[in-house]
Amino acid sequence: MTTLHGEIPGAHGHEHHDGSYLERKGGMVSTIIDWATTIDHKKIGVMYLVAVLTMFFIGGVAAMLIRYELFEPVRIQATGDNVGQISGTALANLFGQKDISVAKADNIYNRVMTLHGAVMVFMFIVPGIPASLGNFLLPLMLGAKDVAFPRLNLASWYVYVFGSIFGILAIVMGGVDTGWTFYTPYSSSHADPGHWRVVFMILAAFILGFSSIFTGLNFIVTVHKLRAPGLGWFDLPLFVWAIYSTSIIQVLATPVIGITLLLLVFERLFHVGIFDPALGGDPVLFQHFFWFYSHPVVYVMILPGMGIISETIAVHSRKQIFGYKAIAFSSISIAAISFLVWGHHLFVSEGELVATIFSALTFLVAIPTAVKVFNWIGTLYKGSIQINTPMLYTLFFLFTFSIGGLTGLPLGALATDLHLHDSYFVVAHFHYVMMGGTVIAFLAGIHHWWPKIFGRMYNERWAMIACVLVFIGFNTTFFTQFFLGTRGMPRRYASYPDQYQLLHQISSIGAAILLIGFLLHLAVFIGSLFAGKKAPANPWGGLTFEWEADSPPTTHNFHHEPLATHGPYAFDDVVPPHCDPKDYPIADPLPAGSKRH
Amino acid sequence: MTTLDINHGPDGATGRPYHETYKPASHFRSKDEEFDAVKIGMWLFLATEVLLFAGLFVGYAIFRMMHPEAFRNGSHYLDWKWGCLNTIVLLFSSWTIATSIGNAQRNEQKKLRRNLLITVACALLFVGIKLTFEYMPKWSGWFIAFDPALSHYESDTSALGGLLHHVPGYGGKRPGSLFDYPFAENPYEPMWWSIYYCATGIHATHVLIGVGLISWLYIRARKLHFGPGHYTAVEVVGLYWHIVDLIWIFLFPLLYLIH
Amino acid sequence: MNLIPTTLADGFWHWLWFNEKAKSSAGVATIGDELFMYIFWLSVVWFVFLMGLTFYFVVKYRRKPGQKLVRSPAHHTPLEIAWTVVPTLFLVYIFFKGFWGYADALVAPANAELINLKAQKWAWRMTYPNGAESPLSTRFTYTDAQGNQLTSAQDAPIFVVPAGKPVQLRMSSMDVIHSFWVPDFRAKFDIFPNRYTAYWFQADEVGDHPIYCAEYCGDLHSEMYAILRVLPEAEYRSTIDGWAIPWDQGPVPVGKVLYKTKGCAACHTVDGTPNTGPTWSHIWGEEHEFEGGGKAVVDANYIRESILVPAAKIRKGFPNQMVSFQGQLNDRELDALIAYIESLGANPPAPGTGHSETGAETEPAGSN
């Protein structure tokens, strides 16, 4: 894609030759006002990045607390008569709660566990990639000046913050212990009866749903209406395909959780009885409603990650992506099938017919996912592969995501799931997919586009060291949990029988390594912001539109309206924009008349 | 201006009305493109609305299957005549807002304003009927004096100078734990009222949002914002209003006409 | 049918994943383990192949400055069809194998011993065909690195089942959703309030197996253990016969059995130490203060109300945690429990407080 110099007929044309979008407007106060009222998708993307990473930090602290508590099981010291002193209540000690009952000590763990789940799912990983990187990159990749509805975009950020405040409020008021899944009747009639904080946490998820719908709706319209001239559907970068599929799921699934959570609030406040068996309702109906949203949303989490990997693997191995259409269509088919597999969360609660159908459909969704992995590995073939942080994370993703995918098989198969359901095997599996998949892809993407977003390079060596630490820490933390699960450790346990202690301790040590890796990343990012080398416009030799813009881009993204003249991954034939042909030698031209691939 | 130009104010220099000088936001290539984008966006939003109510309808279907008697008994307390009147009111308002789009396209400013006003009035009438003749007596047993149903019953107290009359033993048809109706025949009737209030309450909320949106259209129409050159807002609010209407068309038989 | 060679399905690799062999001969356990090991090795082969290929490509095609790119196909239809179809065939096989095991888990053999299982926050109760319930319980004991004696936090009931005979459980919950999981039997199923679900197994060897609650159910979810003890069938029969409630011996022995079998022991001690609920030792005649004010003397009516409508009077310093036993205990059983509490001693100890059961105490409380 090259920039067309001069005006495009029909496009109305005052082109501003303006400065970077990061340029400060006057003093501190006016800069803050400028950011708070901006409708620039890039600033909103950065604001989202800061917000979701803050939530990732809060959720991460909760995760560390979980691993801290699980280092030792809760026990009573048998001192002669039956009067016991409790040991192993690390969290209670940490919060200064001495001499409390086991029930109260376990309750603290249950609240931290819920906090981790709710924050990570609703406030970090669902909005995560689409709202931050997606917001920043989607218009750039399409060659547009902004998303279709810029004010709706800003509104979505404020709704996100408003919803998160509700969630934080629930935490500050003492937290909730319902689990992030809010299963009834526990959440409706048993958890903290009469307390508003449970309602606040549910409302937080409800409000965040609006933010999700606004973003998704905005992106769909943007992809439909604001593609640059010449940019056909099959010229779109695969990241755009992924975000487009994600947006469809967000728009179609979120309303269902909306009504479900609303009914749950009514249920809690007025005991309307829809989900409460004591009043004639059906708790399994809640599970159906809940997973009808929450399973598709698993793909809201992972599809953007897959999109990032499609970009990074192509750019850093300078290779036409293998099977472009297969990857694009697999995104769409994953989005479609994702609506049909929710029942696999209910294999141990529903009858045979439901379970059988959903087991079969679950295996169906495995196929497009596997096809994507094969295509990525096929892309490496005969490439020109550069190992740097984004590429290292991409390979890291292939490793962990493959494990995540393969360990889904015994969970999708009915006979094995009866044993593994609600065990640590499930915990390990979804952390391999969500963290080993989405978070790792997010990190690949942040490093890949960091120079574009902030206009500065990061320290490659230290970032790669941090990546290796995260790799070691992640696998130590979660691989052990597969064995915990198959050996019989149920999930959401504050304590455990002795035979699981060694594996839990290894897992906790892994979490500490993971923490060090993330802190090192944070240091590298801060270092880059304050002392990083100025980034060139196209540091990796990418061919998509965003690399034609300045680093950081100007307020209006491009100096001239871009025009698509080649595919997004035509590395063989095109010298990347702003790059020297000596550094990026292209392939020999094909003999005249030969068939192009 | 350093950010995108989104809304151009009325052209102060020439004094020409807004809709004649309207220019699309600068990230769109043309007015038509902007119009299409807004319309696709609205259709997507309406898809989310339909799905929201779809969840309610699925719940309705399952609980009607589980407790058919409770639903039959409960529905018996609803007066189909009020439901029917409200259906007519909403259908008429759908027609007036559809006409108002044509008015904007043909620059018939006076008719545009009139049709928008009638739509708002119908929406308010709908909510008014719902509250005074349906919710209030069932919830509390208080009737408004000119409610024709009141003549069937004997009231024990009245309030507000005879405007309100209380019928003992009539109220208490409330959702869930608030249910207090002494003559219930089925233990699951509270659940019927839960579904009834949830469904009609969420729908009525949408009607009230519609009142806000159409009033906003009316204020803008007074400032001559809409005309042949620009009527996007009228068009998409119209779409919204049709969906609100359509949902009622489904709710009415499901709630009122169970026999 | 063996899916994979025994050396791969058993021995070290099986130990690595499961520690021990499945202790149930029901299809879900045998097919499940076999299928799991099959999926494991299939995954290992795929994973090693894919990662090996990735590593090889990364090393072989690493970027060398100034080197021109080499063209290669952007797609290859036969290859893409192959790598879509081949995994699909494997998945179809795994699906059917999983379905057979699951179908087996759903239908218990006709000669199964039917036992009722009730779950409540945070205790299990089994009722045997003769109406008996287990009075046995235990705590896991451990010795930590410093040599301290440690125990698990709650008493875990011990249930007995016959060896060599299929056992079917008819399960329901008294409050929230629970899930019955015996890892050694490789299966679990959810337990709902107001609904029955089923579970069956056949344990052929004598031995103890832990039971866990696998669906999050609140504070003591992680302490909701029980032990399933497999006994030879004759011993099982004599054991449950011995647990039948001794109605012919008067109310106090009956109350003592009910205390252990109805779940009271999960929260109330009889030795004077407070637990989740107050102890029962020497409370007869004691004056109790309540949360939110008010006080009352412990007598038959107070105890009856506390069992049937626990939330009505919450003793100061204790949480409102107990579920109602309305419908769980009949009047005879209530009488027995009241007599048992009275037999545990009065406070203040005074002669002549030994009330006998009078007609007034068996009248319906009229509450609720």
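Labels for the chains are A, B and C, by order of writing; each one numbers its residues from 1.
By definition in this document, a contact is a pair of C-beta atoms (placed from the backbone, for glycine too) under 8 Å apart; a residue touches a chain by one contact, two chains touch by 3 or more.
Note that the structure is predicted; figures quoted are calculated from it, not measured.
Enquirer: Line, ring, star, complete or other: which one describes how these chains touch?
Expert: Shape of the chain contacts: a line, open at both ends.
Enquirer: Measuring between Cα centroids, which chain is at the maximum distance from subunit B?
Expert: C
Enquirer: Starting from the mean Cα coordinates of subunit A and subunit B, work out the distance between those two points in Å.
Expert: 37
Enquirer: Subunit B to subunit C: how many Å between their CA centres?
Expert: Spacing between the chain centres: roughly 50 Å.
Enquirer: Indicate the residues of subunit A shared as contacts by at least two other chains.
Expert: none
Enquirer: Could you please specify the touching residues of subunit A with respect to subunit B in the complex?
Expert: Per the touch definition, subunit A meets subunit B at residues 10-12, 14, 18, 25, 38-40, 139, 144-146, 148-152, 213, 217-218, 220-221, 224-226, 251-252, 254-256, 258-260, 262-263, 266-267, 270-274, 279-282, 285, 289, 555-556.
Enquirer: State the interface residues of subunit A toward subunit C in the complex, per the touch definition above.
Expert: 74-79, 81-84, 86-87, 101-104, 106-107, 110, 177, 179, 183, 185-186, 190-191, 193, 277-278, 283-284, 317-326, 347-349, 351-352, 355-356, 359-360, 363, 366-367, 370-371, 373-375, 377-378, 380-387, 395, 398-399, 402-403, 406-407, 409-410, 412-419, 421-423, 483, 486-488, 490-499, 571-572, 582-583, 585-588, 590, 597
Enquirer: Please output the residues of subunit B touching subunit A within their complex, sorted ascending.
Expert: 2-4, 6, 25-30, 33, 36-38, 40-41, 44-45, 47-49, 51-56, 58-59, 62-63, 66-67, 175-178, 187-188, 190-191, 194-195, 198, 202
Enquirer: Please give the residue numbers of subunit C that touch subunit A in the complex, ascending.
Expert: 16-19, 27-28, 31-32, 35-36, 39-40, 42-43, 46-47, 50-51, 53-54, 57-58, 61-76, 79-80, 83-84, 87-88, 91-92, 94-95, 97-106, 121, 140-142, 144, 148-154, 175-177, 179, 181, 183-184, 186-190, 192-195, 197, 210, 212-223, 225, 269, 271, 273, 275-276, 319-321
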